[in-house]
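Have a look at these structures, which come just after this line.
Each of the next two complexes has subunit A plus one more chain, namely subunit B in the first and subunit C in the second.
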Partner chain A sequence: MDLCVFGVDDGYAEAIIRGLRASFLTEAQYQQMKNCASIPELKSFLEETDYQNCLQADNPQIPTSILRQRLKKKLADEFEYIEAQSTGTLTKYLFHLRCRFMIDNVVNMIEGLKNKIDIEILLSNIDPLGWFPEIKNIKVLEGDDYSSLYRDVLIDTPIGVYFMKFLEESIENLHENRTLNDIQNLFREMKPEYIRTSLKKMWLEDFYSFCESELMPTSQEALLELLKFEADFKTVQVIYNSIGNRDLNTAAKIITTRKQLCPTIGNLYPDCEKVYLQAMTLDALREAVKGCDNYRDLLKDAPDPLKREEFNVQTKTLDDIMYDDECRRYALSFDGQGSYGVFYAYLKLKEQEIRNIIWLAEMISRKLAKNHPGWKKIIIPFSHLGK
Partner chain B sequence: MSQQIWGNPQGWDAAEWQSDATWADRFMYIDPYFWSYFGVALALATSIIGASWGIFVTGVSLLGSTVKAPRIRSKNLISVIFCEAVAIYGVIMAIIMIGKIGPIEDIPTDQNGINLCYTYALYCGYSLFWTGVSVGLSNLICGIAVGVTGSGCAISDAQTPETFVKILVVEIFGSALGLFGVIVGIIQCSGATFPKVCPTS
Partner chain C sequence: MQRSQEMSFYQLVMPRESAWAVMDQLGYMGKAEIVDHDPSIPLIARPFANYIKRCDDLLNKLNLLVETAQKLSILKHYTITTKTNHKMCPQIHTHQYLDLLEEQINAKVNSFIEQNRNHEQLLEQQTIINDQLDILQECRMYLGEDFFVSRDSKIDYFIGTLKQEEIQQFQRMVFRVTKGNAFVHIKLQNQKALYIVIFPDQGVILKKKLQKVQESISLNRFTLPLNLKEFDKIQNDLTVKHKEIKQLIELTNVQLNSSIQELLKQNDGIRLLDHYNMYISKEKALYMQLNKLKMQGNLFLGELWIPKKDSAQLNETLLLVKERNRDIPGCQISQKVPNTTPPTYFVLNEFTSVFQQIVNTYGIARYREINPAIFTIITFPFLFGIMFGDIGHGFCLLMFGIYNIFYKFEPFYELRYLILLMGFFSFYCGWIYNDFVSLSLNLFGSCYVVDGQMTPNKQHDCTYPFGLDPAWGDNLEFDDSFKMKLSVIIAYFHMFLGICLSGCNLIYKKDTYGFCCKFLPQILFLTSTIGYMDFLIIFKWVKQFNPNDAPSIINTMITMVLSFGSVEGPSMWNVNSQELIQAILIIIAVISIPWMWFSHIIKGYSIYKRKRNTIVKNSGQSIEGSQVIELQIQSILDETQQEKSLLQIHDHNELSADEEFTELIVHETIETIEFVLGVISNTASYLRLWALSLAHSQLADVFYSLILSNSITEGSIIGALLRYPIWALVSFGVLMCMDTMECFLHSLRLHWVEFQNKFYKGDGIEFKVYSL
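Let's turn to the complex of A and B:
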């Protein structure tokens, strides 16, 4: 029944996404981009595609970081338009999607402030998709009092609830007779990647429960599958990265870190949880995921993390394999009507496209030979459909 | 009360009507004109509900996809026309049905004649009512079907231009459903004209 009434509130927004889907770059266009000899040529090529308006004001020799900002700003503007045309549940849903980018922005700003980078530079580098009005208030950092920063400033932000949960969890993990100094040291030494992964894990779980409770069955069908796959992707990544990691030297430490960073949703949780928490080699990890045959096939070709030093540009890392599979799934979600999955898929695939363009811009600016294996490292959205 | 037009077959007085009449009797004495006009309203109104539902579902998707893909504008108006056709079916049936309703000029005086006349009038009334239901409901569902398919047509045309004609075929099959309703409806109400003069035997 939801197909009959979907058009009432959300039909317009979905139809705009369908029109935007035609603006993705095709394989032929990627081929032409690869043949560009210099950045100005790439820029003039991009001006003939859907990106024309956002690059007109810059000079031809555009630096890669500015190029990335412009492309992301275009995506952010489109997304803002769609969010403005939406009502009710869809607006909440789209806002939730943007929280992921807000997490990235806030963690980057905190790290930048720790390293005493100027606030203006930090503000100009934030991801425009994750902009929110309170982001300018994060500059107050008296001395080294990070915990008060977390408590006072971030509590007003839309992602404040994730930070609160994160703080509570980290404080819990300290031993019994903890002092204020211990807490301060904890935050000063905590790695930004760790904070980022924890927060994103909390965001994913929150998003999953939002989808389960508030969306219609057609949307749930598509979205819950995508989110479960993303959670499994994160789980496998966490375990893979923690095998042979230099910073985690004891088994107990490995297991606690894994338990903190692996999401509690997805196909692998809770059935395979005991097994994958203990996995200390790649083969053990393959054993742990062998129940789900998608992941078994994916991990078949993954390189061994214990031999991490031997990786070079040519190896297909686990990240590459998983991005490939992810893109295929997102492209497939465009095949259904009346579901919110298309908004999520559009965001992810457009991000992948921007990554591709920036990668190619880097390759071009370094003037690498055309048979360098790095040229093949891009993953083209919708290429799996044979279009 | 229709009793006054049609006479008093059982010879009841008011008190007896209140105590001795069963529900079946009361149901039977609902005026045939009530049934027939209700049928007309059903045929018209539910067809139009279906058609308008279809148009709003299609129109929304059409508007949204035209923002980024203006080439689909003119072709996809066909979906809206198919939905409109469903409403036209409803109007045609309603006009045909109204043509069959008319006052009875000459009601006979003896009780037998009245009963015969009443039975014939009831037949016309029921026939028109259920014609209205069959035409109306089938057009309602047909309109929704064509509308949802039409919105899918607009969206997929914006994504991949080759799919337009193929999805249009699905829509054509969908609009055939409304036609089935109209055909059956016309046969159903074909003999149901209210008589000008009552049949005598």
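Let's turn to the complex of A and C:
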């Protein structure tokens, strides 16, 4: 039923996205990009593609960080345009999508300030997709006082809700008769990466419930599927990364941290929760997820996290494997009709494309030999569909 | 214009050094098309990609310069002309001239941008000073004179400016940071907001926090002077500084202006900026063409098409290049047998180009095929005129066309000759219909008196001199019958012309078999059916019948087809001869169908059989063992290339001989069915001429009778004056705009579908001339 009326409100926005499908680089173009000998050459190649306008003003020897910024800016502009063309639920939905980038930006800012990096540099490095006007006020952050950061700045930003939840949770986890000092200690020891993961987990859960409650059935079907996988991947990642992590020295601590960071949605939750929380080796993790679909296959190729020191560029890390699988899912979802999945997929695939370009730019700027395995480490959107 | 120009194919071989000079001259000659040797190569992989990039960069820079200058309103009413002009561009240069220009432009643009940056900085400083002055003023007003005299040390202040859209955010932040212990005063001024934050001096932490808030949000921050003396001093300093900066700004303005003027200096009648633009655009176009050439070591291989009649000029041009550049090796040119179909090229002028455009939109003519555009020039506006026929409206359109020719009216300038002819023919058809915005003009004295019936008022042989007798003006039945018959007659002649053109094409190709077996049966079929009907129409018009036993054309046609030529009811002329003629026509029509259907199939079958035989023979030969070896030896001796191509052809034949033949059968069957049905359905399609003409006159009639006629018959002048604008507007909107469009589209359809499907292949390639 909702397919009949989808076009009424969201047809235009969807049509724009479908038009933008043509802007994805093709495999042949990637091949040409790999053949570029220098950054100026790569830049002039990109000027032949859809990225033409966003690069024209720069000088040929563009640093990769600026290149990334330009590419992201273009994506953000497109996204903003679509947002401006949307109404009702779609606007809310698109805004939810942006929240993820906002979280990233805020955490990056916090991390940067902690490391005493100049605010101007931080501001110039923020992801344009997750820009919001209050972001520059994060400067107010004093030391590790996250609660006052929340109170002063983040409270009326879109991600304030998540931040509040995060603060509440972390304070609750302390023992009963806590003092102000304890709280301060807690914050001092908290790693930005930890904040990021837990904020994102909350975002994901929130987004999931939003999709569940507000979207039409077709969109729901497509998105819930995608989000479940994303949640599962997050879970696997958390477990995987905590295996052999030296900061989490006791088993109890590992389990509580994991419990905090693993999303409470997805195919693995709650059935396998008990098992995976206890998994202390890669094999145990494999055992834990074996019941679900293709996770076992994915993990089969993953390198052992206990031998992290032996990793090098050639290693296909778990992230790479997962990106690859995700990319396939998004490409499939992009071709689905009449669902909001297409917006999500577009964003994700474009992100992947930018990641590819930046990766290649890095490879080129380091002048690595053409037979270096790193050249193969790109995941080309839509390349799975042909096979 | 009737057929495409004959094209010759040349191969150009030149060393790298002379490539630029040769292409330069070829571009100025503007007669040839350079063939891209491999269109799939991306621009970046082509030999001159970096030159094109340089040109692009320079053009961008010039654009940027013009844009900034326009923003500063130094340069008004200037648009960049990228159109290169033959005479305005210096003809003889070496390609090093680009380097020279690049240097010049870079220097000029950079200095201009530098100046502009200074200018902007100064402006920024000026606004900061302005802001400070404003806020000092505001503080004095808001806090009062007393404040500066006796200052309360327990209270601290922050002042500054911020963007208007950030006021709320700022206020909230201050509120939250100070937990409500601060007061913010905001004043809106010049798209900015001045703020004064008043807060208790409670210690360093609060102050530091507030300072951070202030830093992150406000545009500029200032310190508040402590007493009146300091206040005045600051104010005076600022005013002095303000004046200085103002002077500096004026100075830079003059500088900017002079550098722009330098660029606008006339040099040989061209402004320097235009010269830059034109030269660089030209250079870019040239390198684009150079990129199409194939590079082999130090040699460039190029292939080009040129109209046969201009090929002498090609040699001259190349000689000229050789003469001019004696120091570099010249190029060689040789005529070649093309391996692709030549492009289609018509020599057009501003009159014919719009009609060619109409045809080209459907498809470019096949090489050396008859160009329908030449007939379209008259038939298109004429068919339009039949549909749009009205003296008044036609006259307006005609006038608009004439106006457009003398005074350019941009949106329709390209179409001016089309509109002129359309206007002329609708004007003419209007006279034929005797229809002036739904009224009939009685200029020559009608031959009838209308008194319920039509009675001739004059002598028996009275004829209205031109067009319809006004007495028929309101008679819809008469109009219908007349226009319907007219459209069928036009249908016949238009399609007849189309088939004749296909005949001409066959003759041109020397395809006698096709001429006999396609053109002849087609024309016979058309003539024996629709042609005969047209004959009956005209015959009935000419001959006088007694109204009670006049033969009906429709009945005649139907009984002719159904009962083999016999006549029922009254006959047109002698019953026996009519029946005989009709029977003969039926026989011709019926025979011509299998004639056009099977003739090509039979021919195809004989070819198919011959092929089969040769194939069988070939395979028979190769089975004999000894010969296989011989063949193998021979094949080694033969050039491998030749062998390969032969084998390929062989394979191709073997595979598709059967398929080809079945395809031929299907193709011929479809074509025949399409033609036979088409004769009937296309004729019916021409009835749109009648329908649209009727719609036009009826609409005009409705508007006139509903809006104007009442007040005119009642004789109230005021009423007529009031209603006239409404009528004029409606007539303009519906008839002059919408109906013109509609008639245009229908005329287009009649040409594209009914006319051109008889002969026009339309699968050619356009000749894109390379011209600088």
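The working rule: the second predicted complex is superposed on the first by the 380 of 387 C-alpha atoms of A that agree within 3 Å, B and C clash if a C-alpha of one lies under 4 Å from a C-alpha of the other, contacts with A are read in each partner's own complex, and residues count from 1 in each chain.
Definition applied: a residue touches a chain if its C-beta (ideal position, glycine included) is under 8 Å from a C-beta of that chain, and two chains touch if they have at least 3 such contacts.
Computed from a predicted structure; not experimentally measured.
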TODO: Mind working out whether A:251 is in touch with subunit B, subunit C, both or neither, as first, second, both or neither?
DONE: neither
TODO: Pick one for A:12: touches subunit B only (first), subunit C only (second), both, or neither.
DONE: first
Open item on the list: After the superposition on A, what does A:84 contact: first (subunit B), second (subunit C), both or neither?
Closed with: neither
Open item on the list: With both complexes superposed on chain A, which partner does A:66 reach: first (subunit B), second (subunit C), both or neither?
Closed with: neither
Open item on the list: In the overlaid three-chain picture, which partner chain does A:20 touch, first (subunit B) or second (subunit C), both, or neither?
Closed with: first
TODO: Would you check which partner chain A:137 touches, where first means subunit B only, second means subunit C only, and both and neither mean what they say?
DONE: second
Open item on the list: Give me the intersection of subunit A's contacts with subunit B and its contacts with subunit C, in residue numbers.
Closed with: none
- [ ] Please give the residue numbers of subunit A that touch subunit B in the complex, ascending.
- [x] 3-4, 7-8, 11-16, 18-23, 334, 337
Open item on the list: Could you list, by residue number, the parts of subunit C that touch subunit A in their complex?
Closed with: 42-45, 49, 53, 60, 166, 169, 172-173, 176-177, 209, 212-213, 215-217
Task: Contact footprint of subunit A on subunit B as seen in their complex - done: 53, 56-58, 60-69, 144, 147-148, 151-152, 154-156, 158-159
Open item on the list: So in the complex, the part of subunit A that touches subunit C is made up of which residues?
Closed with: 32, 41, 44-45, 48, 56, 119, 133-134, 136-137, 139-140, 142, 151-153, 155-156
